[in-house]
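Structure provided below as C-alpha cells; questions to follow.
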Amino acid sequence: MAQIGIAGGSGYGGVELVQILRRHPQVEIAWISSQQHAGKKIEEVYPHLRGLLDLRFSPIEELPTSGLDVLFLSLPHGEAMKIVPGLDQDLIIIDLSGDFRIADSKTFEEFYHLPPPSPQEQKSFVYGLTELKREEIRSARRVANPGCFASATLLALYPLFQENWIKGPVFVDSKTGSSGAGNSPGATTHHPWRSNSLFPYKPFAHQHLPEITQLLSKPDTPVIFQTYSAPFVRGIFASHYMELGKSVTDQEVADLYESYYGSDFFIRWIPGCPNVSFVRHSNFVDIGAATQKGYLIVWSVLDNLQKGAAGQAVQNMNLMCGFPEETGLDTAPVHP
Amino acid sequence: MAQIGIAGGSGYGGVELVQILRRHPQVEIAWISSQQHAGKKIEEVYPHLRGLLDLRFSPIEELPTSGLDVLFLSLPHGEAMKIVPGLDQDLIIIDLSGDFRIADSKTFEEFYHLPPPSPQEQKSFVYGLTELKREEIRSARRVANPGCFASATLLALYPLFQENWIKGPVFVDSKTGSSGAGNSPGATTHHPWRSNSLFPYKPFAHQHLPEITQLLSKPDTPVIFQTYSAPFVRGIFASHYMELGKSVTDQEVADLYESYYGSDFFIRWIPGCPNVSFVRHSNFVDIGAATQKGYLIVWSVLDNLQKGAAGQAVQNMNLMCGFPEETGLDTAPVHP
Amino acid sequence: MAQIGIAGGSGYGGVELVQILRRHPQVEIAWISSQQHAGKKIEEVYPHLRGLLDLRFSPIEELPTSGLDVLFLSLPHGEAMKIVPGLDQDLIIIDLSGDFRIADSKTFEEFYHLPPPSPQEQKSFVYGLTELKREEIRSARRVANPGCFASATLLALYPLFQENWIKGPVFVDSKTGSSGAGNSPGATTHHPWRSNSLFPYKPFAHQHLPEITQLLSKPDTPVIFQTYSAPFVRGIFASHYMELGKSVTDQEVADLYESYYGSDFFIRWIPGCPNVSFVRHSNFVDIGAATQKGYLIVWSVLDNLQKGAAGQAVQNMNLMCGFPEETGLDTAPVHP
Amino acid sequence: MAQIGIAGGSGYGGVELVQILRRHPQVEIAWISSQQHAGKKIEEVYPHLRGLLDLRFSPIEELPTSGLDVLFLSLPHGEAMKIVPGLDQDLIIIDLSGDFRIADSKTFEEFYHLPPPSPQEQKSFVYGLTELKREEIRSARRVANPGCFASATLLALYPLFQENWIKGPVFVDSKTGSSGAGNSPGATTHHPWRSNSLFPYKPFAHQHLPEITQLLSKPDTPVIFQTYSAPFVRGIFASHYMELGKSVTDQEVADLYESYYGSDFFIRWIPGCPNVSFVRHSNFVDIGAATQKGYLIVWSVLDNLQKGAAGQAVQNMNLMCGFPEETGLDTAPVHP
C-alpha cells in the first residue's frame, strides 16, 4: 500500500482527496495536515466522515521526513512553493495549487500577485492535465495539478487549436459552483447572497487564464475568458464561442472530439446538451457542441472538486504510481 | 380608474400582472380569465394572494365586449392571434406572447412552428421595448410586448449597433431562471432535476432571436444566441461578447450607455459586475461591462417576469394611457 | 413627513427598513448609521438599491440630537441598551434587538449571555407584538420589537392558551431561512454548507424562547422550543404540536383563530397547508392547522425580515405615529 | 455473480439501485424494465450514466422466467402485488413499494386507497428494516423494503419504545427532499414553486404511518406523524418530540442508542446536531438527541434514496445472498 500524505487536508480539495483515497485499494492515508484544525480528528471538522476514518490533523511542521510515497499539497496559493524546496527529490508530489503551473515568472506574478517560485523548482513540475500530458505525467515525480476552469477549457479547445479550426478569438463564459471558493465563508458565498444569484467576477483577470494560454497559443486566436459565480455547489459549466473558417457539420465536430478523446475513459462526448449535474461527484468531463453557419459553441462540464482538483490529482497519482488510471475513481455521477 | 382585463391570468405572466396592477393607483382589474381554472377564485390557485383580491377566473369566452379600457393578453403562443381579430380597434391591447412580435411571416413560422398572424393584424402592433420605442408606444393602441431574453439583449446591444462599435459577430450567452418556463411542470423544471443544474437549450433556435435581429441588423455583425437554464427562479443574466474595431476605456463604455439611457429610470448602469439578484422582483435593467484590448463584454440583467414580461407591459400601458411611466412600478429590487 | 433615523442600517433588518420606508408616504429617512460602512453610500453596500436612495451611512456617534421623530435601532444584541439611556424621552424608539424584550434580568442574562439593561429602561419599553399589544403600542413611546421566531409562535399559540385548549406540553419545531443569521458570513451560512442542508441548533436554548414564555405561561403547558436552519433565504415556518383536552373539529379550530384574528389585516387563516413561500417579502402571517383525535398541529409562517423584524417595526411605528396600520406595508407576497 | 433484475428501473429508486449495483462486486444487472422508456438505453433516460452501463429497458412483460437470482421491484404502489403471484417461490424478491409492508388489509386500504394484496402473499414478505429485522431477513426469500419516512422514525423510536422511556404521545415532524416525490414532474416539485419553499402535506394521513405503528405500538404512546416538503433534493430529516417519565442525561440517551446500534455499521450516533447533508448519497442513518427536564428530542436523518430505498434494499439483498452486509455500500457521504 502506497503511503499518502495530504498537506492542507481540511480544505475542500483536501477532504475530497480523503473521500476518494479512503476507497482506493492501493493506498493508505498516513498523514494529513491542517493549520486551523491541527490536533482535531477529521470527523470533528467534517462530521459526514464520522466513523469512517481514524485520521487526526497534524500541523504542517510535522510533515514526516520519510515513509511517505506520495504527498498531495492542497494549500493556499503561495504555500506549496515554501515547502517544496525542502522535500525529497524522490517523493511523488502532486500540488493542487497554482504555484507551479505557470512557467513564466512575470505572468505568474501578474495573475497571482505573489512572488513566483524559483524557475528551477517550477521546471521540476509537469503540468498535470492528464489526457493531454499522460506520458509526461507517467514518468514525472512532480505534478502541478491544473485549475478547475483551466481543465474544462483546455480539454474543450485543445482539438480545435491543434486542428486549426478557429478563426478569430474564442470567448469563454465559464460558470462555477460555490465550492470553488473554498471552505472559508465570505461575502459572495454567504447563503442569503449567493442563493438565487449569478454574477461575473475577475473580468479578464482570472488566474486560470495563463494556464490556458500557456498550453494553447495562437497569435490570431486570443482567448477571452470570463468567470461567473452560479448558485449551485458543485461544478464548472464552460461555454466556448467561436467562428470557424468554414462550415462544419455536427458529425464532423463529434468526429473531431472522438478522434482526440475516444479512448479516454473520463471524457465523454454528449450528443445533445450537457448539464453540470451529469458529472456531479465524478471525475468525468462531458463535452458537447452545437454548430451553425460556421459558428461553433463547445460546452465542457466537470466537477470542480473531482476532475477540477482532487479527482484529477488521484488520476495523476495512479499514472505516476503505475496503478490503472481509473483506480478509486469508479463512482458514477450521482443523480438526482 | 382604467378598467383592465387580463386574458390568461393564471400563468406566471398573468399573476405578475395582477401583483403589479393590484397596487397601481389608476387602474382596476375588472376581468381575468383562465381556461384551466375558470370558476375558481385567484386565491385558490395562488394562495399567496389570499385576502388581497376578490377576483374569479372566467373562461376566455366570457371576454366582455365593452367596458374594458386595456386588455392584457398573457396566453400561450398562438392564442392571442385567434382573439385579436375580434377585438375593438379602440381597445388598448398589450400582448405578452410572441404572436405579433415578428414582422416576417416566414421567420415567425420557422421559430414558432405555428401559422403566422395575418400581416395586417401583425402590423397593427408596435414592438414594445419601451426605452427604444417610447414615442411609438405612446401613440399606439396595440403593443407586442417583447420577450425576456430579447429585452435583455436588445437593451445591451442597441447603443453598440447604433454607434457601429462592433467588428464581427456578437456571441450571447443568456441564462434564465426556472420561472421563464411558465407554471406548467415539466422535465427540465422538476426540482430534483433543475436544482443544482445548469444546461443549454435550443442552440441557435430560440424564438427570441428573431426579435433581436429584426431590430438590430448589420450584415457583418451576426448575433449568435445561446440560452441556458440556471438553477434560480427569477431573472435573466445575459452576457454579450464581441470584438471592437478599436480599444476603448471603461469610461468610454460607461459614457456610451449613459448617453443612451441616462434619463431612463428603469435602466441602471452598474460600474462593477451586475448580479441577477440586484433586480429581482423589480422592473429595472442593470447593465455593466468590462473591456480590454479591443474586446468588450456587456452584461444585462433583468427580472424575466417584470421587465421581461408583466413589468414592461405595465410600463407600456402607462405610456399608452398617459400615466407617468413609473406608476405602479416603484418597488425596489428585494434583497436578500 | 416624519423624520426617521435608523441606527444599524447595513444589517438585513436595517436594509429591510430602508426598502419599506422608502415607499412609505408619510415618512422620510433622515439619518442612517453603520459602523462597518460609515461614509459609504447605501448603494455601495447594497447595489440593488442603486439610484433609488441618496443615503450615506454615518457612524453611530453622529446620531442627531434633534430633528428625528422616530429612531429604529437595528443593532447587534447589547448595543441598543448602551444608546437608549442618552436618548430623548419623547423620541419614538423601536428597537429590533432583544435588549428590552425580557422583563426578568436573570432570564435575560441566561439566554443572551450579556448584562441586562437597567430595569427602569427595560420597563420603558412595550413588547411590540402588534396584534396582541395594539393598544399599549399605540400609546407607547418605546417598543421592543419581537423576535422572528417569537412572533410566529406567539401568534399561533395565543388563542389556544387564552382558551385553555392545551393539555400538556407544546412542542415547537421552527425552521428559519438563512437571512435570519444576518449579513455576516459564517460557517453555517456558507453556501456550499447551507445549500441542500437542514439541521437543528441551540436545543432548548434559543433566545426567543423567554419572549414566548413571558407572554404565554401556564404551569402545565411548558413550551419545548427547537429551532432549525433550512436551506431557503427568507421565512420562518413554525410547527406546533400538542394534545388537547378533547377532540375538536377543523371548523372549531378555524373559528377560534377567526375570533381572535378575523379583523387583523396581516394575519390570514389558511384552510389547507400554509407554505413559507406564501408570505415571502410581505408582512403577512399565515396560520393553518390540522386536528385529529384530540391532537392539534398549528402552523404559522412569516417572513423573518418583514413581520419577523422590519415589517412589524413599521407596523408599530404606524400605530405610534397615528398612521393607518397598513401604510407602507401594502405589497403582496411575491410568487414565484 | 448473482443475476439481478430490476422492475421499474427508470424511477429514482430504480436508477439508485443501478448506481449502487453497478459497483457491487458480486452481482450483475441482467435485466431492467421501464414501461415509459421500454426500448431505450438507460443512458438516453439518465445521461449522467453515459458510457457506464450497457443496459436497455425492457417492458415488464418481458420479465425473464428463469436466470435471475434477485428481483428488485421498484414500481408504483399497487403494481408489485400484480406481479408477485406469478413469480417463482425461490426467487429472492425485494419490493421497494408499500404493497407488502402492511399486515392489516383494512389499514392498507385506508392509507393506500388501493385493494390490498392477498393475506397469503403479504405474509410471504418480511419487513425489511435491516437493523431491526436482520435475522428474519437473512433467512427470507421476500422482503418488503421499508418506506423512507418509516425507516427514519422507526430507527429513532425503537429503543425508546423497547425500554418504555416515553410517557404520552410522540410527535414526529419529518422533512423530505424533493426526490421523495419521484421523477414525474408535478405541481409541488415544480422548481419555481418548490425552490425556497417549505410546507406540510398529508396531515395525519401519510402512508408510512401504519408501517411505524405496526412495529411500534403502545396504547399510551400514539405517534402523531407529520410530513413536510423541504427545498432540498435528497434526504429525510425526522424530529421526534416527547415527554419521558423522568429526567435523563445526555449520556444516558447516548448510551441507550449505543446499546442498540453500537455494532450497526450504518447507524451513527452524532453527539451534537445531525444534518441532512451529513448522510447525502450514502446508506448511513445519523441519530442525535437533546434532552432537558424530562423532555427528549431525537433526530434521525438518512438519504431517502439510499437507506430510505435502494441502499437498504441492497443491504437486505446482501443479507439474503450471504454477502457481507456493507458490500457495494461503502461510499462515504459526500460533502460539500
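Note that the chains take the letters A, B, C and D in the order they are written out, and that residue 1 is the start of every chain.
Definition applied: contacts are C-beta pairs under 8 Å (C-beta built on N, C-alpha and C of every residue); 3 or more make two chains touch, one makes a residue touch a chain.
Just so we're clear, the structure is a prediction, and the values are computed from it rather than from any experiment.
Ranking A-B and B-C by contacting C-beta pairs places A-B first. Taking the mean Cα position of each chain as its centre, D sits at the greatest distance from chain B.
Averaged C-alpha coordinates put the centre of chain B at 36 Å from the centre of chain C.
Annotation: 45 Å between the Cα-based centres of chain B and chain D. Between the Cα centres of chain A and chain B there is a gap of 39 Å. The multi-chain contact residues of chain B, meaning those touching 2 or more other chains, are 12, 179, 183, 192-193, 195-196, 231-234, 275, 277, 280, 336. Judged by the touch criterion defined above, the protein chains are all mutually in contact, each touching every other. Within the complex formed with chain B, the chain D residues making contact are 12, 177-179, 181, 183-187, 189-196, 231-233. Residues of chain B that touch chain C in their complex: 12, 15, 19, 22-23, 46-52, 179, 183, 196, 233-234, 268, 270, 272, 275, 277-282, 286, 305, 330-336. Partner chain D is touched in their complex by these residues of chain C: 168-169, 171, 173, 175, 192-193, 195-201, 203-204, 222, 224, 226, 228, 230-235, 237, 239, 241, 243, 273-277, 280, 290, 292-293, 295, 297, 299, 336.
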